[in-house]
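For reference, chains read A, B, C, D, E and F in written order, and residue numbers begin at 1 within each chain.
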Amino acid sequence: MYISVYRKAHFNAAHRLYVKDWSDEKNLKVFGVCSNPNFHGHNYEIEVRLTGEIDPVTGMLINLKDLKQIIKEEIEDRFDHKNLNLDVEEFEHLIPTSENICYVIYNILRKAIDEKHQLRIRLYETPRNFVEYPADRVTPT
Amino acid sequence: MYISVYRKAHFNAAHRLYVKDWSDEKNLKVFGVCSNPNFHGHNYEIEVRLTGEIDPVTGMLINLKDLKQIIKEEIEDRFDHKNLNLDVEEFEHLIPTSENICYVIYNILRKAIDEKHQLRIRLYETPRNFVEYPADRVTPT
Amino acid sequence: MYISVYRKAHFNAAHRLYVKDWSDEKNLKVFGVCSNPNFHGHNYEIEVRLTGEIDPVTGMLINLKDLKQIIKEEIEDRFDHKNLNLDVEEFEHLIPTSENICYVIYNILRKAIDEKHQLRIRLYETPRNFVEYPADRVTPT
Amino acid sequence: MYISVYRKAHFNAAHRLYVKDWSDEKNLKVFGVCSNPNFHGHNYEIEVRLTGEIDPVTGMLINLKDLKQIIKEEIEDRFDHKNLNLDVEEFEHLIPTSENICYVIYNILRKAIDEKHQLRIRLYETPRNFVEYPADRVTPT
Amino acid sequence: MYISVYRKAHFNAAHRLYVKDWSDEKNLKVFGVCSNPNFHGHNYEIEVRLTGEIDPVTGMLINLKDLKQIIKEEIEDRFDHKNLNLDVEEFEHLIPTSENICYVIYNILRKAIDEKHQLRIRLYETPRNFVEYPADRVTPT
Amino acid sequence: MYISVYRKAHFNAAHRLYVKDWSDEKNLKVFGVCSNPNFHGHNYEIEVRLTGEIDPVTGMLINLKDLKQIIKEEIEDRFDHKNLNLDVEEFEHLIPTSENICYVIYNILRKAIDEKHQLRIRLYETPRNFVEYPADRVTPT
């Protein structure tokens, strides 16, 4: 049977939620205070989950030193202490909602992680709001 | 692929675990101190998970302002600062164990949430005891 | 110089805030939903702080096994899974606000702890509301 | 003896650390990535501590409903989902370091809280970095 | 539909990661500081998840008093305040990585828990590193 | 008035509590399972508090980059992934209780931190057991 390994990391970033084609009124109506034109920010927490088989020699799924380095180079160095709307190219034409940030992080890490490992990302915007991609779907039983 | 969005909320309530037909001795034997006739209580935390597809215009699965309002009206206003046994009609003939509270919350919210979204509830009675409905079942692989 | 040792414990209890001589309306106005006649409840966390000198032989201020036992017998066994208003005699004529619960716990433990150790109690009613007795007063500098 | 009551609140904000008269190089050298010109952000947590005497009738130091309302109006409504540098007038000529934000919050709340209560503010910028004003000073013993 | 019940427990233990046949240099290269010959240690947290059907009479999946006792006897009494490499026989020929510890705990508890309940174990080595066995696999949808 | 700045760090270490001159029986009686001859371990958290005045130009008490570096070099590099009894010279003749570890860390950092800043250390052995040196003493009021 398969095992999952989780590694948490974090980055602190500014963002703003708005649709460029919409009026300020419509953005305020849909996104509320999250559309503040001067941005606001969060301490984002990310939880990276890899699923696969244990290496019988080392007893590890993946060397955590390697996973930490991948997360540092691919995510922290590019997202930490940044303005997601202005400083991160993936959001030039994509609203940096939690859902989209999580999806973007998944796609970046998917290329950097060996394809033998399944990958899932959980992103906390606050301790009370978080998202997960791809989702576990509940199977009727 | 599907994404999940989680929102946490909480309510503080009193409850007592006991089967009405049983003697105090039998209730004490099965439920221990949780059957104290004068009730005890908890800070309950609930985690509401919706699963579905991202709206390509807003980048959101659901507007969190709407989800917060649904949880407030359907759960917090009815459960917070209440005695679950005496003040919440769903428990007039149902023991308010964590399992049953979670199941009741699921059924209340299932009616209030668009059926295109899968729903799962996690309920913390304490930081060390919690339940989840419906369960993810582990599929042999 | 002196050192402090902290030990955390917890109890789950029901309570109700109200002044017996007041009308339900006045109690509701002052205490809000906390005056619900059928009680509500909390997971209380307590933090016991002892201050004194390190024993040079054992390197300890107090043996934690002894401190755990004192907190279990004096507080947990009497407060856990209880209704503070109905089951704990100290609150027969005293409203079980966080302030008063903290004060009562201090007075119970003060008799059980060697007087060579200063004592302070912090009581969490929720992760966002807590009290501390006796207070550190800020000294103008 | 005196008792302390704590209430936690939070706000999510963007900020940038830099001295206006300094070059970008000097700001980068002193403030590091915190001087990113497009801002970054945090989930700030604030802990408001009041110290004073328990009201013998209500058993409370202060009615938490009132304290919550004061914190909401004076701090959350003005700081939450804002850019501290651009949207909050107190930082027009003051760098929004944790130290200065804590000091500003203290001064705002000091005017709104009855002077019979001592006041102290703790501000978390991240779970690992936080500040407290005014400080308890350790008295040599 | 099925429900899951979670119970958390913890143990504090020393361990060392190394392959007996390898040189110190190779162990250091692969396992880094975790291969320190004199051991290091952790506060391990375990999360035991049972999945099954609610008993309609008691409203419980399993009596938590029984589950706590099983975890205490089978895991805490054998792992807590121990050196995993030297004091726990399962690791005489198995490296005590998080993955292997989780797998060993699963196999011990699987024998002690009624087979009508599905079982899953999550093991936290630190708040940032944790593993789960058996894994939920993401099903393409 | 003075302000305090806190910075948290952590290290994972093995240790054993025992008095060399005592029999195993006496050590077991006093220190319980903490005297296990093969060691056990913990995820230690340290909280370093500096107290002093804000620099009016930078708005900071101390540059956190410098404080992080001091803690890394003086504490983490010497204590992390180590056996405190065998690998850290300060404990060659001193029992590594939480009290003594906290006292040792204070003395190491006191030499590395500018004496204009007051210093206090809090050390968590587990989330439920922690110590603080030097202690704030409660002043009778």
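By our rule, a residue touches a chain if its C-beta (ideal position, glycine included) is under 8 Å from a C-beta of that chain, and two chains touch if they have at least 3 such contacts.
Keep in mind that this is a model prediction, so the values were computed, not measured.
Where touching is counted per the definition, subunit E and subunit F have no chain in common.
Two copies of one chain, subunit C and subunit D, touch each other, and the residues they use overlap weakly: the shared fraction of interface numbers falls below half. Comparing each option in A-B, A-D or C-D with E-F by residue number, the pair that reproduces over half of the contacts is A-D. We define each chain's centre as the mean of its Cα atoms; on that basis subunit B and subunit C are separated by 29 Å.
Across the assembly, subunit C contributes 1-2, 127, 134-137, 139, 141 as residues in contact with two or more other chains. Viewed as a network of touching protein chains, the structure does not reduce to a path, ring, star or complete graph. Chains that are in contact with each other form these pairs: A-B, A-D, A-E, B-C, B-E, C-D, C-F, D-F, E-F.
Within the complex formed with subunit B, the subunit A residues making contact are 1-2, 17, 19, 30-32, 94-100, 102-103, 127-139, 141.
Those residues of subunit C that touch subunit F in the shared complex are 1-9, 51, 54, 57-61, 63-65, 118, 120, 134-137, 139-141.
Contact residues on subunit F toward subunit E in their complex (touch as defined above): 10, 12-15, 33-34, 36, 38-43, 80-83, 86-87, 126-127.
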